[in-house]
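Taking it in order: structure first as structure tokens, then the write-up.
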Amino acid sequence: MGRMKDFKRFMSFVGKEFNHILRDTRTLMVLIVMPVVMIVLFGFALSTEIKDVKVAVYDPSRDAATSRLISQIDASEYFTVTAFIDSEEGVLEAFRSNSADIALVFEDNFYHRAVHDSDGRLQVIVDGSNTNIGSMAVFYVSSIVSSFQKELAQEAALNQAAAGGSSSSAEAVPSVQIHTSTRMMYNPQMKSAFNFVPGVMGMILMLVCAMMTSVSIVREKERGTMEVLLVSPVKPFSVILAKAIPYFVVSAFILLTVLCLSVFLIKVPISGSLMWVVLVSLLFILVSLSIGILISTLVAKQEVAILISGMVLMLPTMLLSGMLFPIESMPKVLQWISWCVPAKWYIDSIKVMMIQGLGIRYCLDAVLILCGFLTVITGLSVFKFKDRL
Amino acid sequence: MSRGENTRKRIRELLGYADDGFLREDEVIRTEGLTKCFGDFTAVDHISFSVNKGEIFGFLGANGAGKTTAMKMLCGLSKPTGGRAVVAGYDLHFNSDVKRLKKVIGYMSQKFSLYENLRVWENIRLFGGIYGMKDRDIAEKTDELLQRLDLTEQRNRMVRDLPLGWKQKLAFSVAIFHEPRIVFLDEPTGGVDPATRRGFWEMIYDAAERGITVFVTTHYMDEAEYCNRVSIMVDGRIEALDSPAALKQRYGASGMDEVFRMLAGRAKREE
Amino acid sequence: MYSVEADNLIKRYGSSEALRGVSFRVSEGEIFGIIGPDGAGKTSIFRILTTLILPDGGSARVLGLDVVQDYHGIRRRVGYMPGRFSLYQDLSVEENLRFFATLFGTTIEENYDLVKDIYSYLEPFRKRKAGALSGGMKQKLALSCALIHKPDVLFLDEPTTGVDPVSRKEFWTMLRRLREQGLSIVVSTPYMDEATLCDRIALIRKGIFLDTDTPADIISKFTLPLLAVSGPHMPSLLRDIRLIPQVFSCFAFGDTHHVVMRPGELSLEAQINFLNTALHAKGHSGLSIKPIRPNVEDCYMYLDTLEEHS
């Protein structure tokens, strides 16, 4: 019976928190509209950008295959071939003079190597300073190249059939292979426009969870309702847990919105496992909630809570998480500080899974660090929590 | 007469509000049918009354009777939705008048009066400056004021470090620092000890003797007795207005609290 | 058994002492009033007794339970209404009450008869947001919420501050009805006129109790003659009375000034004559000087003045 009562009490708490959130329509709208606006704006910016990307070509082999591929790329709506250069070094010059955004570098004897050795090498060099183009361009080039590869393969098969006639099972369809490799110049850590998406996710989730939770707990302190709650048989920590649940739900909803918009509107290729992206995001939400709770145990005024979560959390999240500036190029001290920013680890792992399309094991360290943050911060806030004023 | 003053007069004449003697010679506030509606809720319902020069006027009423709304209108903080009110010669109907009105009134409430994180003299200088006093006048009057309040040695203390009683006295002095014609006091004595409360009223008497009209709300009914005249608001209307002695006689009551309870107890409007 | 026992409570905030040794007992079914101005230490007493803060010295028991050791037990059995309005402004009247009922593992229906008297005032507005209620109504709602779990002791910190006299009167009627049901009530107020509505009162000043007794006994301890003086010009009368060296204290009190003369050989008659003559000499006429019974406020100010002088 006691447990039933406790549960009922807890649920009435959660219900009350939902009421607080849902009745403060203005804040709720900001929370939901802000990420949507950010993603949508970004989506539009991106979709207008990827047209008529200027392509420089270095083609030492000058055979049938290369010229066909080049004309196919030129024919696509995304690319315009603007320059043929004589040497690999010319790429740099083309980028500098802004006469090209990407460069295609074929190897010598491309056709022969592709069809007979199954190893045609094509390098796509991207001017990384133009982040908006980056990975989209690579993505489109790769798709053109791979369809061209199929074409070549079919032709090779036909040629073979025509030439040999007695095609036995021993001589199978020749495997035509073109290996496309990508290189970023000026921006070696693959900072692409899509990086914005994990950045926005990290920032929004941090904002909603840490700031909103801490403010709502501190508000009760300020208004004097906390006094009444403390002078009641309810366990103070369940008061705080009940506060966290609705914000967890709201954050999960925002996460879902952002993910849907990224996938369907701006077509971020979630190449990794969606399940893991969601799970790691939920982990990050928990970390942020625990930070919010920790803040609320330390301060007594709403403004202070906002200031701390705003200045002490948001700024490092924006500046040191790699969302805006590459961490690798920062001074060592700042890099060390950035390790203390949970959002950095979250954004890193989401980048790995969403954009680079790698599995969870490639960002296991970041995920484990997030787990560590969660344990330490929750422990601290339990320790700091007072059941008196 | 300044040019602004002339323009003001022209506008009033055009709108039919010439200085028509609405406000009598010995009066400082006069209202007729003053009304304030919020949507379909009438907070202040056609109140008509006048306050004489140099008078201590008690403005009483239950919570939610419309006192605060009426007071806000008289201070020029809120525009009436009906009726007419002239305060210190300025007609609340005209925005230009309301602006001028604010220079000749003082205001003090229990909730906000002084900046806690400024020093005593900084508060005085600030409010003197707000009301457009000259620096030299401010400096001169500050010394005089501090001496009168026996606060000379505290001039550099933060206001938040002063005892509540002193804060209130200082707040009142600051409210009348620019020699306003009327000072509005909104529950000025909440929470102070009885002796300080009385000391405060002695300051009010002094101000009234210097010719400043005092318009005060309070929940302490014994304080109502200190007023020359009191009005009691019930449900947005003024139910009674007279001197405390006359009111007590009329209602056969021994004290103002009894009068108040008889009148305010009739309230029909809930909240 | 006492509902509340406090022994020599001391509370410091930094270098300032909020409580400097406060002791009192509250019996079962008693209304105990703590009377004094803001900043006298009233709220600190309430917070110690409701286990919200720890005393720096002394000890206290509520319902026989120690406020430091057994705070869980106390929290289950007391009702508390803090000084400021501490309900959820964005929840409706009914939602607030329901929430506080669930908080204590009960329901509105279960204890309805306890709050019926008070809640019936609020019933017509039960869908209204608590933030939109006026002072008197907020106070009734807060009391309902503090009562809904059938506490044994009720702690009310300045429940009537800023509330108009009519609502205050109603509120006290409610408290007296609750007392009849056996509830012990500790209540603080800055309004001295409410003192007589308590069974026993403590007058608090700067962290110490000036006196603790029934209102009648506190008044009976005021043995000096108290004179009520009135005349046509009250403000100057007040000033002139104060200038008379034989006057110990003089305060404006509604429509009269209350005067205490320095203790001496003069009889009451002689004091009145003396005052009359002295004031006539200063140009006052048409004076009325009558001996009156002191009230609690007179006692407070007298004790306050004595304390100030010592």
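The first chain written gets the first letter, and so on, giving A, B and C; residue counts start at 1 in each chain.
Here is the rule we go by: contacts are C-beta pairs under 8 Å (C-beta built on N, C-alpha and C of every residue); 3 or more make two chains touch, one makes a residue touch a chain.
Bear in mind that the values here come from a model prediction, so they are computed numbers and not experimental data.
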Touch-based graph of the chains, sorted into line, ring, star, complete or other: line
Leader among chain pairs (count of C-beta contacts): B-C
Interchain centroid distance [CA atoms averaged], chain A/chain B, Å: 61
Distance between chain centroids, defined by C-alpha means - chain B, chain C (Å): 28
For chain B, residues that touch 2 or more chains besides their own: none
Complex interface listing, chain B residues touching chain C: 61-65, 163-165, 187, 190-196, 198, 201-202, 205-206, 208-209, 219-222, 225-226, 244-245, 255-257, 260-261, 264-265, 267, 270-271
Residues on chain C engaged by chain B in the complex (per definition of touch): 36-40, 124-125, 128, 132-137, 161-169, 190-193, 205, 234-235, 238, 251-255, 297, 300-301, 304-305
Interfacial residue positions of chain C with respect to chain A in the complex: 47, 50-54, 71-72, 75-76, 78, 80-91, 95, 98-100, 102-105, 145-146, 149
Chain C contact footprint on chain A (complex, rising order): 5, 8-9, 12-13, 16, 19-20, 23-24, 223-225, 227-234, 387-389
